[in-house]
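In structure tokens below, several structures.
Common to both upcoming complexes is chain A, partnered first by chain B, then by chain C.
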Partner chain A sequence: MTTTIKIVEDFHPLPAGRYVADGKGNGTTFRDDYLVPALEKGENLIIDLDGAPGYPSSFLEEAFGGLIRKNVQPELIRKLIEFKASDPGFQRYVSKIWAHIDRAITVNSAA
Partner chain B sequence: MKRLSAKQRARIERLRRRRTRNSLRRKHFKYAADYRFNISFPEVMSLSDNYAETIGPIQKMKEHGHSNHRKPVVISLDMSNVRSVSAASLLVLNSEIDRLLARRWNNVRFVASKWENWLAMVVRQLERLGFFDLLEIPIDMNWPDEFLGPQETLLPMIACDRLMPERVQNIRLRLESVAEFFDQGPQVYEAMIEATDNAVRHGYKLPELLLYPPAMDSSWWATADYSPDHHLVRVLVFDQGVGIAATLDRWDKWELVRGYIQSVTGDQDFFNDDAAMIEAALKVSRTSEAMGSGHGQGLRDILSPVEETGSGSVRILSGRGGILYDKAKGVQRIQLSSHIGGTLIEWTLPVKQPPQD
Partner chain C sequence: MGFIGTVFASSIGFILARLVTGWFDAKFSKASYLETERNSDVERAGRLIDDITEAASNYWTTDITAILPTLQYQIPADIAELGGITANLFVDSTNCLSAVQTDLDRFDDAITAGEFGSATRSQDFSKIQAIRTCGSTLKTQIRRQRRNLPPKWFDRR
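So, the complex of A and B:
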């Protein structure tokens, strides 16, 4: 089964911030309420990044790098998550997200 | 119960009215205060061209406004000498007025001294920023074209006390509506969010280092302006925190910052140089991707509108120093003669030229 999550429609039109205290569009809520449940069910996920004004690093790091800190297996993330980023300048977010995940793996394995 | 005569009732009513009136007078300072301070601003109000003289009066305003006088303080602002103003200096001034009115609303009052003598262009810029709204001076004028200054459109200042992406997006949309050809992609949103996030998360975390109490625990102010003559937009975010350099030793990449500084120079004074500390933090933020907890990448996002588009510049003034970054020249340090009273981040970005008919 494949689920598509369009962030600006399904989650929040203005994604920003790391923690719940940072407002409704924060990375923690997106990770815990959208990403983790879908990954636990083993669903294939297409994350549609288009339509947002932008994605600050703090949001991306907490939402995706935070998956590793939540003990989601890196192989599972690579297997199940795909990204759609066709807005101008949005392709760089895909590489940023994988960089956040890779860094979190490095930090987690060193700890 | 004793029945009151009409005369007694009238007297009681008179006294009640007098008490109410006096209470209102006390509340709104309709009487002359004993402490009145005149603050004059210089001919050129600019943080880049005339820093000391621009910050000096704002500093005086803080000293008087935050002093513990028992009677109300009236601060009279005189800008009749001012011939040119920068958006950055106005933002720092306006935010200080906003803070004083928020913290000491019952002890401090601002008046604009002979503002009818102020240069129309200056009045217009102040009006657009919301200066006269703060001072509760109603101004409703249609400005003729000849009064247009070099920065034609200054957006009203916004003030927030937490991360508010809606406000940031609002500034971006308003900029796009005035600067029709402004199109910097998503980097401006990211940079502003990270700047305000840093202000909220780190700016006020060391209250013992704050010279004056903050308006709220995590306040920030922002504005933007558009100069059609120069095809430029400026976006500004200011907080009244302790400054970047003062918070660096709490960062999980502090050891990397120290390492960078020591690799450049073994001089211990380097740690007292705010500009050098900011430069080191930027260097670490841009080059240490694979290290640390994932925090602290905001600084890199702050540079991204310039770094990724290759145009424009970012100026960060924080504490007693700052940096100016553009892609061609890299990072240039700026030494400030006194503490700016927080952190100011200013992006200067080119807009596309409108098509010629």
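So, the complex of A and C:
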């Protein structure tokens, strides 16, 4: 089964912030309410990044790097998550997300 | 060759010459226009980097209670616009785009990583130097990679 999550429509039109206290579009809520449940069910996920005004690194790091800190297996993330980013310049966010995940893996394994 | 033949051959030659010069004129005008567009994109990107640097400096040097709440949305939006400008500018060269995007990511991280957007963040003056340095490096990189782009005169499209 494949689920598509269009961030600006299914989650929040202005994704920003890291923690729940930072507002409704925060990375923690996106990770815990959208990503983790789908990954636990083994669903293939297409994350559609298009349409947002932009993505701060703090949001991306918490939402995706935070998956590693939540003990989601890196192999599972690579296997199940795909990204759609066709807005001009948005492909860059996909590379950034994978870099955040890789960095979180390094930090987690060093701890 | 008789008179009529000479006139006919001259006419054909004239028409062919007009077609060839017309084709060159059109190609030259289009290439000139595209080169000018590229230069104005570089200038636009430079101005946007200055605006983002100033907004980000204000963001990080002002207490959370005094900052405009919209700034935390405006800055990532401006960075995304900058990403769009550079992606279009360097669409013909993966190497140029990659070099620029590395510095754009550093600029982005210098501003929006860590506690950016946090409701409890405090002022962080130490970020200002990194933001300015990354902004300046990005501007230089965009200009350098612009010079590395193959001229549109030789573009086959």
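Going forward, the second predicted complex is superposed on the first by the 111 of 111 C-alpha atoms of A that agree within 3 Å, B and C clash if a C-alpha of one lies under 4 Å from a C-alpha of the other, contacts with A are read in each partner's own complex, and residues count from 1 in each chain.
Here is the rule we use: a contact is a pair of C-beta atoms (placed from the backbone, for glycine too) under 8 Å apart; a residue touches a chain by one contact, two chains touch by 3 or more.
If you're wondering where the values come from, they're calculated on a predicted model, not measured in any experiment.
A.B. asks: Quick one: chain B and chain C on chain A, clash or fit?
C.D. replies: They clash.
A.B. asks: For A:Pro53, select first, second, both or neither according to whether it touches chain B, chain C, the two together, or no partner.
C.D. replies: both
A.B. asks: In the overlaid three-chain picture, which partner chain does A:Asp22 touch, first (chain B) or second (chain C), both, or neither?
C.D. replies: both
A.B. asks: I'd like to know which partner A:Gln91 touches here: chain B for first, chain C for second, both or neither.
C.D. replies: A:Gln91: touches chain C, not chain B.
A.B. asks: Regarding the shared-chain residue A:Glu61, is it in contact with chain B (first), chain C (second), both, or neither?
C.D. replies: Touch partners of A:Glu61: chain B and chain C.
A.B. asks: Contacts for A:Arg31 in the overlay, against chain B (first) and chain C (second): which applies, first, second, both or neither?
C.D. replies: In the superposition, A:Arg31 touches no partner, neither chain B nor chain C.
A.B. asks: After superposing on chain A, check 92-100, 146-154, 236-244 or 254-262 and name the one in chain B that bumps into chain C.
C.D. replies: 236-244
A.B. asks: If you lay the two complexes on top of each other, which residues of chain A touch chain B in one and chain C in the other?
C.D. replies: Looking at chain A, the two contact sets intersect at 14, 16-18, 21-23, 52-58, 61, 87-90, 92, 99.
A.B. asks: In the complex of these two chains, what residues of chain A are touching chain C?
C.D. replies: 14, 16-19, 21-23, 26, 52-59, 61, 87-92, 95-96, 99
A.B. asks: Could you list, by residue number, the parts of chain C that touch chain A in their complex?
C.D. replies: Residues in contact with chain A: 72-73, 75-88, 101, 104-105, 108-109, 112-120.
A.B. asks: Show me the residue ranges of chain B that touch chain A in the complex, using the header's touch definition.
C.D. replies: 162-166, 168-169, 172, 185-190, 193-194, 197, 289-295, 297-298, 300-301, 308
A.B. asks: Per the contact definition, I'd like the list of chain A residues that touch chain B in the complex.
C.D. replies: 14-18, 21-23, 25, 52-58, 61-62, 65, 87-90, 92, 99-100, 102-104, 106-107
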